[in-house]
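What follows is a pair of complexes built around chain A, which joins chain B in one and chain C in the other.
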Partner chain A sequence: MVKVMTDLLTSQPLPDSHKSFSGPCISFERVGLRFGNTTILEDINFNVENGTIHCLIGPNGGGKTCLARSLLGQMPHTGRITINWPAGKVIGYVPQLLDFDHTLPITVDDFMAMICQDHPAFFGLKKKHHDAVTRSLAAVGMESLRKRQMGQLSGGERQRVLFAQALLPSPDLLILDEPMTGLDEVGSSLFEDMLIKLKNNGVTIFWIHHDLKQVKKMADFVTCVNRKILFSGSPADVLTADRILNVLSREQAFPVNL
Partner chain B sequence: MRSKEAIQIVRPAGTRYESMYLCLAMLVVILVSGTAILHRTRSDEQKVLLDYQMSGYGDLNSFEQGTFNDLYAAALEIDAYHDENDEKWPSIRELEDQFIPPFIHDQAWKKRGKLLWTQKVPNVKYTHVAAYMGKTSDPEVSGSFLLVMSHRHRAEGDNKSEAPDFHEDQPFRIWYYNHKSRLYSKRPRHPQRNIPFPDSFIIQNLIMKGWKEVVPYKGEDEIRRLNGEGYD
Partner chain C sequence: MTAVYEFIRLQVQQWALAGIAPESFKYSFVINSILCSFLIGPVLGGIGTLVVTKRLAFFSQAIGQAALTGVAIGIMLGEPYTSPYASMFGFCILFGLFMNFTKNRTKMSSDTLIGVFLSISLAIGACILLYVTAKVNIHVLDNILFGSILTVNDTDMNVLLIISFVCVLLGLPCYNRMILASFNPSLAHVRGVKVCFLDYLFILMITVITVASVKIIGAVLVEALILIPAASARNLSKSMKGFFVYSIIFATLSCVIGVIVPMELEIPVPSGGAVILVASCFFFATTIVKMLGERTRCTKKIR
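== the complex of A and B ==
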């Protein structure tokens, strides 16, 4: 059932004593992942502190998405992933992209109904979820487009809807897989604001991201993964020009926006 | 209080548990169905030939088998006719007109010993009993046949006297008489070359007159015959 969304996004940050109880901390110990003979990840060891923004960076095909999906329990990983939940256990997940038939006659409201209610979406969104859906769509600036068909949305708008669904019910852990792809400047800053608000409310945010500038600005911790962990720590310490050059010289496909 | 605090170990996605549950489900299905089958199985009732009976496969020659099979099929037709025509029995003439073997005089009829058919409906009161006798013209080729039709009308209570003897569970019985006496060597009674139409069709009477009931053995018995195991 949907836990009615508290005014996560509009309220003031909770006091510090309460804050530490919200988001979980996560530890990855010797996590590995193989598909047949291909090693996707090996010996991944790091911790995600609760109530922080932890960014995961790395080249394409480096295993970032696989690591996020291992955290969701959707991959046959080895090793141990432990989530220490202080309070609720709600995970919000924003996938890299939503793959669906664009001619599918489904509106934004229908999509949100599918996310938050058990009974079929074609019966319409239940009244009791209406307010929560309105709030989360308003938070991403999509309230006016709620009757629009999903197939008619632009990439950025669809990305916002995906973000809105991750806020229902209000998450304790938010896993983002490059949600900024296709977002314009306005959307991007809107996301930033929301993430900061969520973090201030104690939500742990695990964020796969490419934009190193934004990572440096927003993240509390950053981990660079390319099959193994290349480096991990606070952005100020680990995102040095030397290191990035190092990564670049080894991995041609590493995008840098510094 | 931090009672809600919980440490969750993320379990890797895999097919290990699904496979295990599937195997368990399969096992349950096999066990349940196996038990059900074991409990519900009854061994097929073995057909035992009584002293006055003979096998439609083993004891008849090929001509007689042909006649027997035709007569068996015709008996079903006659039974149906009886049902559809106010419980009247078809005459030999009617059967011939409808080209129903073995009554019709065709090539097969000639080869099979030219059985001459006559009909008897023993008692007008008991319209549910009729007999058709095919007397052989050539005892070297074929014996004689007797088809006794009987219709169940027990509920009507009109068959109390002799009906139960041949009614039981069959709408008809087929009897056979071997003029060469091969089958009756143990019996003191000499076979008659020219047999009369029996007067009564109760089983005992027919037995006494030297008739044998032909039992249509099939399937399993035929396999046994082909394997050369013979009959009991």
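== the complex of A and C ==
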């Protein structure tokens, strides 16, 4: 027990994270999104506090990814999304997957080079980025596989690389789109540790997720979206048994009085 | 530029007379085509890695076929039939941009869309060609369709030089971004990549280099020289560096060998055909190497 305590006290902050409580707070006000006659999202109102882990849950096709992409400014949404940046404005984004030909000869290092420099990736990773890339790959336990081709990695390993790129440069806001898909047990607990460290460094984390057990364990706040907001609040309050049942059974109309 | 070309030609011709270079190098058209090969090879080989990575092989094929229609339009409008550049550039650029615009707007699957556009351009080309061939001998078209080193002149070399320069200048700084945009547009956008703009820029690049290479490789076969060296390089390489370097080497060697060998052996084949056949040899050789490599890896695993 004592050992655990000292471990926690001496635990190193993340690579090149020197900021404290730099994460933004975000407010969604009457956000809506329509494609033609289909309403994807309507009347979305909630806030994301700075320096918290905020999980977004909901059935597939309920508009979670669309909401995240609206936040990233990639969707023509209505209403207003305000991001209040106290310090830096770096967004880290972990996408669900990479769409690429798995036989391509692109190594992990090549991919990281593509992410952080304009200098063509085939000339190799530049010296000035080398240390930062090494640190962020080490943080997700992928340093030893950096010469491996992206296509030869397992799904979970590829997710770790995608996580590593979101740490470069050190983010203030981290947006994760179901990053645990295909992740193994070790990777999953590694992710949890990383997220807690980031949160302790003041990073705001907006996390689309479907593993409710993990949400209950990790999240400070949780919002459930299926076209509209079904419920929103701290996991202990809002994740009640019958609500969970409804999320899982993809119940459409779900009248909740918040 | 003409003075530079003239200087190089005189120099090489002297070598040929002195017996240092092969005898055929005393003809200036041979030197022209070799010079072009050294330009086309690296540029097409490099762009090829992007085309393969972005999975746009079929797309670039369609643009190559559009060059044929461009030629037909050019001759109809009265451009010189050996170099109807204005019509080729004009039609191919419009065609490429319009195809990409439609793809972005309709969200149609790209193979369907490209198939439709390719057929349309071929149909237009076929109709105009029939009309045009009433006026000119159809065999002059062979030069444009399949390449002919005999007709390469200083204008062609200037066009190729400028276009290659522009492609390198635009392509190198945008290389990473173009690939990232195809891997995950959302991630690319977060990383500050102008996804849509680069998409159009890349299509412009493929289009202009295709048109500029038509004289050597021929309208129908240019895309093969973009695709095949990159595909061969992929068989051998384990990283981006190898992929890029091998692709350039294969493309350049294919061009040079494809131009020189038929000339030395006095085989009357179009240069484009010869170049692509050489490139295909590289492709099959590397495929065999890859297959053997995988087999040994499998047997090692079993043991």
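Methods note: the second predicted complex is superposed on the first by the 225 of 258 C-alpha atoms of A that agree within 3 Å, B and C clash if a C-alpha of one lies under 4 Å from a C-alpha of the other, contacts with A are read in each partner's own complex, and residues count from 1 in each chain.
The rule is simple: a contact is a pair of C-beta atoms (placed from the backbone, for glycine too) under 8 Å apart; a residue touches a chain by one contact, two chains touch by 3 or more.
Bear in mind the structure is a predicted one, so any value in this text is a computation, not a measurement.
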Subject >> If touched residues of chain A are counted for chain B and for chain C, the larger one >> reply: C
Original post:
Of the partners chain B and chain C, which touch A:113 in the superposed model: first, second, both, neither?
Top reply: second
Original post:
After lining up the shared chain so the two structures overlap, which partner does A:74 touch, if you call chain B first and chain C second: first, second, both or neither?
Top reply: both
Original post:
Which partner does A:190 contact after superposing on A: first (chain B), second (chain C), both, neither?
Top reply: neither
**OP:** Pick one for A:138: touches chain B only (first), chain C only (second), both, or neither.
**Re:** neither
Original post:
Of the two partner chains, chain B (first) and chain C (second), which one does A:89 touch, if any: first, second, both, or neither?
Top reply: first
**OP:** Figure out whether A:105 sits in contact with chain B (first) or chain C (second), or with both, or with neither.
**Re:** second
Original post:
Can you pull the chain A residues that chain B and chain C both touch?
Top reply: 72-74
Subject >> In the complex with chain A, residue positions of chain B that touch it >> reply: 2, 4-14
**OP:** Could you pull out which chain A residues touch chain C in their complex?
**Re:** 69, 72-74, 91, 93, 95, 97-101, 103-107, 109-110, 113-115, 117-124, 147, 149, 165, 175
Subject >> Of all residues in chain C, those that touch chain A in their complex >> reply: 49, 52-53, 55, 172-173, 175-177, 179-180, 182-184, 186-187, 189-191, 234, 237-245
Subject >> Residue numbers on chain A that touch chain B, as the complex places them >> reply: 21, 70-78, 80-89
